[in-house]
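Structure in structure tokens, see below.
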């Protein structure tokens, strides 16, 4: 059982790390600001989400696990809002489509 | 592995510090500085200073970033004039030599630090039981070095008075910060409704556990101040006019309670800021509770700046 | 190399970098930024020394760590005051310099100080 | 396990640090803020991984603080930017 949980952690964290990699590649390689903004959300939602899911079995109490999920939800909320707001400045400054 | 991480952190921090200095435009430099603050948080974790990491995360990463990025965007138009003013090559070289000399001297000091390192940790541990708090940092802040914390609270209030005193005569007594006109159904208004309830709980939680675990009033107050700021940014609430009596009382309440308890200590325990036997923890808690609203208001209002709008806008 | 020594040396370089920026950057906001870099370097140096004093079951010497918290908060208040002065000056005069020869006219004044 | 978690933290930090090239190259301030935003998320992930590796539970609170304040700089940036565009501040919040 323990081995299985550890395996889950390893797989989820590695997948999460991959999405951070994808987010970075997108941020560096995509041609304009709005597409780059789109790359960002992958890291926010999936990268951190998978890391959090992977770490859940390593927590020693339910409250620690809840806190972990809370952190992810907070990042989702503020990350999505920030993206939307950044997109708005892009539209006003004319660099968007 | 941990060495690789530490070296990477050090290299990144140095790179970002150089960027914050040499970047052409101020907003770009400030973004570098915000990331730099986040990295410092990680470094504090690596140096096993979790309380410091919390403070850096709240102040260095959060509030300072907000303060500097708004200022940088507003002052953008002034920058081009200054670019022509770059000091001569000779001045730059002299500055570089001076900076290198300071760095060299400090590096020699770091390498020549005495072994074993002097430490007060055992003494803190030996005397912590008297204060009845479990977090050594809180014991130092509010018992062993309470004078520093008292003076710090007073410095913060003075800094706010300094900011307020910059108000033009017409706006004195008015509301600080720009008037925010916001759509009540907009995205920011939405976050400003959802995030603060969670943030207030988190802020009070960080404040409350400070007695026994890493956390405390500064970190908690910073989070609360940030939530207040978010509500004001979204236009859901306006900043209070600085002439309000309740506001002024709350601002001085923390330091006043602190001083009062200090004076009581002078009478009952023979030293200013000493706590009578057996009353240490309740008194420490009383000080923390009194300081909490003061710190929240000071930190929030300091970011808003001088009063700009008169009593009748 | 221990973490304390590594970040101590890192802090020494940060102080140097910040000092250089404080001298050569003419824009006041950039000076405030450089000043903050110096400040964080000093804090980091202090923190590295605190880390060396680990003992009695604590990760570092708690006395300097507590003073660091005080220092970070006070540094923030100093920064906020400086930025407020700067913005007020900008609102009043439209520029951020006190010199009688405003930099707007200083385009032909290359070199010198 | 601890070694793996530290390694993952180092990898994620390295990745988002590469993203900082956007801070250097820009071109706009918005792209720079994006890179900072990505770094913020990566930093939170690294704090969580390192905290789990050392077993120090209080690091969760550090991550919580970072998560609460992560987007504030972006909010302030957009607010300041919109306030500068004339006629924009009034309609700033309607899409």
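For clarity, chains are labelled A, B, C and D in written order, and residue numbers in each chain start from 1.
Convention: contacts are C-beta pairs under 8 Å (C-beta built on N, C-alpha and C of every residue); 3 or more make two chains touch, one makes a residue touch a chain.
All values derive from a computational prediction rather than experimental measurement.
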{"item": "Comparison of B-C and A-D by number of C-beta pairs in contact, larger one", "value": "B-C"}
{"item": "From subunit C, the most remote chain by mean C-alpha position", "value": "A"}
{"item": "CA centroid of subunit A to CA centroid of subunit C, Å", "value": "32"}
{"item": "Mean-CA-position distance for subunit D and subunit A (Å)", "value": "10"}
{"item": "Chain centre separation (subunit B, subunit D; CA means) in Å", "value": "19"}
{"item": "Shared interface positions of subunit D, touching two or more other chains", "value": "33, 35, 64, 68, 75, 77, 81, 95"}
{"item": "Touching two or more other chains - residues of subunit C", "value": "none"}
{"item": "Residues within subunit B bordering two or more other chains", "value": "46, 50, 63, 74, 187-188, 195, 198"}
{"item": "All touching chain pairs, where touch follows the definition stated at the start", "value": "A-B, A-D, B-C, B-D"}
{"item": "Footprint of subunit A on subunit B - complex, ascending", "value": "187-188, 190-191, 194-195, 198"}
{"item": "Residues on subunit D engaged by subunit A in the complex (per definition of touch)", "value": "1, 4-5, 8, 11-12, 15-16, 18-19, 21-22, 28, 30-31, 33-35, 37-38, 41-42, 44-45, 48-49, 52, 57, 60, 63-64, 67-68, 70-71, 74-75, 77-78, 81-82, 85, 88, 95"}
{"item": "Sites on subunit A touched by subunit D in the complex", "value": "6, 9-10, 13-14, 16-17, 20-21, 23-24, 27-28, 33, 36-37, 40, 43-44, 47-48, 51-52, 55, 58-60, 64, 67-68, 70-72, 74-75, 78-79, 81-83, 85-86, 88-90, 92-93, 95"}
{"item": "Subunit B partner contacts - residues on subunit D that touch it in the complex", "value": "3, 6-7, 9-10, 13-14, 17, 20, 23-24, 26, 29, 32-33, 35-36, 39-40, 43, 46-47, 50-51, 56, 58-59, 61-62, 64-66, 68-69, 72-73, 75-77, 79-81, 83-84, 89-95"}
{"item": "Complex contacts: residues of subunit B adjacent to subunit C", "value": "3, 6-7, 10, 13-14, 17-18, 20-22, 26, 29-30, 33, 36-37, 40, 43-44, 46-52, 55-56, 59-60, 63-64, 67-68, 71-72, 74-75, 78-79, 81-82, 84-88, 91-92, 95-96, 98-100, 102-104, 106-107, 109-111, 113, 117-122, 124-125, 136-137, 139-141, 144-145, 148-149, 152, 155-156, 159-160, 162-163, 166, 168, 216, 218, 298-299, 302-303, 305-306, 308"}
